[in-house]
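Okay, got some structures for you below.
The two complexes that follow have chain A in common; it is paired with chain B in the first and with chain C in the second.
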Partner chain A sequence: MAQAIENSRNHCAFIGALQTVQAIDGVAPIVHSTAGCAVQQYFGGNKVSGWRGSGYVGGGAAPSSNVIEKQIVFGGSSRLREQIKNTVKVVKAELYTVLPGCATELVGDDIPAMVKEAQEQGFPVIYIAAPGFKGDIHNGYELAVKGIIEQLTHFSSGTRDKISGLVNVLGIIPGQDVFWQGHLLELQSILAKVGLAANTLFGLGQSIKTWQQVPQAELNLVFSPWGVKIAQYLEDKFGTPYLVVDGLPAGVDDTLQFLRKLQIRLPFADEELAAVQRLEEQRWAYYVEQIADVYYEHNLQKEVALVGETGLILGLAGFLSASFGLIPKVLVMTDPLPESAKAAVTAKSKQLIADYATEVAFEEDQERINDIIRRNGVELLLASSLEQEIAAELNIPLLPIAFPVTNAVILQKSYIGFKGAITLLEDLSSCIVAWREEGKDADYA
Partner chain B sequence: MGDKKAKHIAIYGKGGIGKSTTTSNISAALGEAGYRVVQIGCDPKSDSTNNLRGGRYLPTVLDSLRDQGKVKLADISVTGFGGVLCIEAGGPVPGVGCAGRGINAAVDLLQELNLFAEYKPDYVLYDVLGDVVCGGFAVPIREGITDRVFVVSSSDFMAIYAANNLFKAISKYAPSGGALLGGIIANGLSAPYAQAIIDDFAGRTGTRAVSYVPRSLVVSQSELYGQTVIEAAPQSAHARIYRNLAQYIAETDELSIPKPISTADLRAWARDWGDRVFEVKSATVRQGEAI
Partner chain C sequence: MSVLKGKSAPIREKRLQTVSAYLGEAGTLLQELKRGELKQRIRTFSQAAADDLLSVLHLLNGLDDVAVVIHGPRGCSASQLYFDGFNERKNPWAVTNLDEHDTIMGGDESLRQAIIKLHNRYHCAGIFVVATPVVAINNDDVFSVVEELRQELGVLIIPVYTNGFKSKTGMTGYDTVLHAALKHLPFAEGERTKQGAEVNVLAVTENRQDMKEIKRLLAALNLEANFLPRSGTLQSFMNAVRAQVSIGVNPDHCDYLGRVLAAYYQVPFLRLRPPLGIQGTQAWLAELGKALGLERQVCALHKTEKSLVAVEIARYNFTQVKVYINLPAALAWGVADLVEELGAQVAGLSVSHIDQLHQPWLEDFSRTHPDISLHVAQGQPFEQANILRRLQPDVFIGHAFDALWAAKSGIAAMAVDHLSILGYQGVVTVARQLKKALANRNFGQELQESTTLPYQAPWYGKNPNWHIKLEVK
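Let's turn to the complex of A and B:
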């Protein structure tokens, strides 16, 4: 049944593919579409994802064929050929990715032929068919990741032998998860503690070389429903097994539990895990002691609503209720999960926060999200900047954790893992304290 | 649109059924009768007006869009037999681009050029590509372009099937101000039961046949000379048929919203006619045996 969606936060497949490509160092997009598509990604994606910058070939610098009616009527293949030629001349990259928009895919431009032509001339150019109408941002991520891995094999004759201790990290979507960079760095650091090397694929320290090593990983780690298809592909193609983690692990308990699950699949010494546990429990105890005063003085134990993508919401809800005493009354998953996956996510949510009556909803529409929050009478919101309005209406503090985020600049912050959970305590507490100091809490004078 | 007095008429029908021939003859007959007529070919093949202009070269509207120069009406039109202003929308080469959008863009450009206000035609005929395969080819029957449609069909099932599809498009757009159906032009009729099939289909879809054009050598001959029948064989019976049809189209305001038949029902209807035709044929054989 068709329903109107106000303030959609899931964009289109093209935007998903474009921002996925832009998050890889050394990869340049070549957009084959009308002039608005790449710009729309910048203003509707990057800029409202914690002020993510445009970088070398993002934002207004994204190469684009900017087709007009002439190319729609008569076909735009030759315009694309010209655009590929010009781009490889002026944009330095190790891989060029042609990303068609809706119009050129509808018209049926022979994009594979243009890409093949460029390849025959020795240019590393690939094609990812993720026009907007193929789905939303999550589908764009899936198509882009799978497409790059699949087509990179054209340019690398390297070995497929497995590298001991190498794991790929899948399911964290650059930009759509506003903390993607921080999450990846934190996961990398956690895995390094038990002697594993994480291929995080995006952002700092990653490159085409790490992508070329994807088939050589011993295991694929999937942190959201949006990495499963890619992991299945990698299993079929390269025989790499995968482990789906229900939610991004946050805090000592959940992160240790994640490591124990991982240990079953990819054995490492018990002593290593024990050492990590000792250190991290010590760290946690230390900071909990530090935060205890403000916790009681400012009444941090609140009934909270979390609104955002499934992977992060599951992780944060579990941590905040089990380790920090918050009461999750509402969980709203805004990514459009297939019906078949919803029951499992609901069950997992109930299991994470077994002691409370929590409303679990799968909703993308602003008004219905607001209604859910309103009828549950929560005291704190962990959500996106789109929830500022309902936060103001209910006079409750809001901590931004989900796309879009317009009122915070995010570089390497993360709320998951060992260190991220501490950062979450800092930000969450600061948010409530600031709100009270501003005189917004009637109980606080 | 500029001139409200002009009648804008779209002619549709299955590919190869004789739309261009019929349209050109209607245009020629109207031109001959002293009306100002524009015929616009809305088919990427751009061969609608061939027989009106005796094969004279005519750049298409979309050629000018491709070349991006400043376009004047004189560059994309030529006056043919009977003073008919001939225009071809044109389109991409087969297999690339989007011909449907091309039709849309060409019609837009003609409106920008103020064709109808400047030329002040009495009749504008749009000869449109056979099957309404996508939204682009339905542009001429949407609001504000034409107000009436005639469909050319033979008694062959596939031609009737295409006509029925067109009825679906008309009945979809009519409530929002789209064109209405003027009727069916039955073309290329040869079998004795052909007229009955067309009449039966027309009756079931709430429309009617406005002309019956039998198959004839004079039409093919005229075409070989690159002319309309009106020009090549003005005294022929076919010239009279086309003149009567043109007069009917010029004068009538009897328009309706057709009631298309579902695909399954159309199939059943065709099977029923198959049985009836078989009976007719077998009866002929029995008579022969009796001699």
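Let's turn to the complex of A and C:
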């Protein structure tokens, strides 16, 4: 039985699949559900993910069958047939993805048959079975990525020869990670420094063509628990090995460590790594010196709680404690991890700083999240807009880093890697200084 | 009128013959309306649209001191994250998070848990339980849980029977939730004295800025107003039965509430066009003044406000400017009047729906604008793109949901989501925004040059009503 959730930030599998599909250039969704489902994704997914836009054919433009009562009673397969037929006539796309909602799956519409029919007529139509009740947004991402890779093979007889230096990036979920675009670009630029080409799959510069190259990668890089199943599938299917990175690497040390791990799996010249190290350590040293004045004047060394998705929280907590002197007292992982994955995450993060225990929790219910933050008496929150209430109650500054983000517009910002970590320091420090300047620290401990 | 006896409100199609799809002469719809047989149309290709659930959540987010349980899979509560941001005070809410197992076995236990949790923690005046498509299809027994917990917790729990598919217009949801509140609130039988506020102001979807203007005008008349549901509480409903009169801001959205208050509690309902434009605002205030014996005060207020607005708008010149308007029905007509007062021309009109409430307006409109086709759609930017390409208006006014796509077509666009467009202030706001949109189109041009609309070339060659068909019963 499911548990009720206060202020749920992890939407359903359907929404996950829809927003995943919408992050790929040239792909049009065909929603087969009651009206409302696509709009829920637009309002509750896009707009509150740092005001992510509708893009090419999202938001109000997403094709949707909007099934009505008679199609619930007598079945909606023929309505879907009509909608597919007309979508390919009206909407220009390289790939059409049918996404059923709860209603049409429950009443048993024969969706595969309708999709097959369209394929037989030569239209590039696929089907992702991720109705809302099947799971949460993360499962929707897994199902969509796997489904697209699997079914794209119907339409391309492309070679599967490995491309030297090509790696796929998995586990960063468009929208659910509010910085997904920036993170992907930062990873791409880091990998380019050591001569590797990142196939980031989503956003700027990606297309169906890059998805067709997925089987040709030499390695799959997994940046959150939500990429593991996909990586396993790709290993079984195409023999591509994978490397799971515990948390998105942030800052010079973690990013270099990540590159060293990667070097073992996919060798590149030591000189290349050494060159990166020289440059990035120099950059870091420069900014460390620059930020020192404000660091001491405004007491930036805070006891902090981080609330958000596992991959990002692990990365940021590591960087902020190891390089910026913060004390992570609480880490709340809000993505519902399988039990099997929790132990490793806890072990990694419960003692980040000697003399301070870090409370690690897996929680997505607002009441319980707030309780955890409250009883730890932290001085700074890195969390989502949903934590504004507890931040106000405790009178502490809040920097938005996790979905949902309603009060910031995010285009290319990233908090990871070499450059992103500097941006994080800028934003985090600004957030504390601005908060002081507004006089909110009057009764601040 | 024994409408409240029903489990839920009748859908708009049954109650008012509402149609949600049409493109053609307004006169045709008018004739059908006059004959009492407005024909249902459907689309053979459609894009995203709202359902009743979204309307319910939208309305409940404007009502203070209530908790909301969305009884369904996680995604059904997604928009709460967005609507939450509209209000100064956020209402507590939870989703029952139904999974595959629950869709077979029912989600009673999760529902119980959610209600108890929100009640124990927040002690709101009432808890709304909102059903979803999964619950409706499985015919889950919501009422038994509600009934049991009402007694156990001693709190008002109101079941809202949304379903996502019975009506083609999401607006039905406003009726559904208002029905639920009116049906379950403990009104004392026959209690009606004249001690309440003088006027109920029925507001459902108005934004904060519009509410401010309405409040300003009523304050200028020294009127004590009871606002509901937006910016009201459940107590506002209880107080509403004692008011002298109810007036709606947007009659399309509050119609059900006004009717029930009139039929059950004899509070006369003034169903007027929204207070849009100088004349529209005057007419709205005049009717209210007449009902309350404040004709003189309204007259004086109008004189002052009108001259203030006149000074403000004198600096603008919109003659020859062709405006396309896409808004919910009553707002669309009001904004059409407003832009004509500013000297602009209406080039075309998309409205969310047409029904019996619109007959007089349709009559006026088809007389004064015989050459303009009327487009009835909620969303459906593919039809809009085709229409706009043919009409080539100078500027588009609508919600961002639609304005974005107009802008991509290269039309200067203005979105009214967070603007005050009502009342006298609204005239000034619209004029100022219009001027900006027309004077500097650079961002729109960047947008148009950088992007393409997602439609196939042959689509633009087809009649934009190609995918609208009469429904076969």
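Keep in mind that, in the parts below, the second predicted complex is superposed on the first by the 434 of 445 C-alpha atoms of A that agree within 3 Å, B and C clash if a C-alpha of one lies under 4 Å from a C-alpha of the other, contacts with A are read in each partner's own complex, and residues count from 1 in each chain.
Please note the rule applied: contacts are C-beta pairs under 8 Å (C-beta built on N, C-alpha and C of every residue); 3 or more make two chains touch, one makes a residue touch a chain.
Computed from a predicted model, the values in this text were never measured in an experiment.
Chemist: With the two complexes superposed on chain A, say which partner A:89 touches: chain B (first), chain C (second), both, or neither.
Modeler: In the superposition, A:89 contacts chain C only.
Chemist: In this superposition, which partner touches a larger number of chain A residues, chain B or chain C?
Modeler: More residues of chain A are touched by C.
Chemist: Classify the contacts of A:41 with the two partner chains as first (chain B alone), second (chain C alone), both, or neither.
Modeler: It touches chain C, and chain B stays clear.
Chemist: Return first, second, both or neither, reflecting whether A:108 touches chain B, chain C, both chains, or no partner chain.
Modeler: Once the two structures are laid over each other on A, A:108 reaches chain B alone.
Chemist: Figure out whether A:296 sits in contact with chain B (first) or chain C (second), or with both, or with neither.
Modeler: A:296 contacts neither chain B nor chain C.
Chemist: Please work out whether A:356 is in contact with chain B alone, chain C alone, both, or neither, and reply first, second, both or neither.
Modeler: neither
Chemist: By the touch definition at the top of the document, which applies to A:286: first (chain B), second (chain C), both, or neither?
Modeler: After superposing on A, A:286 lies clear of both chain B and chain C.
Chemist: Quick one: classify A:74 as touching chain B (first), chain C (second), both or neither.
Modeler: first
Chemist: Residues of chain A that sit at the chain B interface in one complex and at the chain C interface in the other, please.
Modeler: Residues 69, 71-72, 106-107 of chain A touch both chain B and chain C.
Chemist: Help me check something: in the complex, which residues belonging to chain C touch chain A?
Modeler: Residues 42-54, 69, 72-85, 90, 92-103, 105, 107, 109-111, 113-114, 117-118, 121, 133-134, 137-138, 164-166, 168, 170, 379, 381-382, 401-402, 404-405, 451-452, 454-456, 458-459, 467.
Chemist: Inside the complex, what are the residues of chain A that reach chain C?
Modeler: Touch residues, chain A against chain C: 1-15, 28, 31, 33-45, 47-48, 54, 56-57, 59-69, 71-72, 82-83, 86-87, 89-93, 101-103, 106-107, 132-137, 367, 385-386, 389, 404, 406-407.
Chemist: With touch defined as at the start, can you tell me which chain B residues reach chain A in the complex?
Modeler: 62, 65-66, 68, 91-93, 96-99, 101-102, 105
Chemist: Could you pull out which chain A residues touch chain B in their complex?
Modeler: 69-77, 106-110
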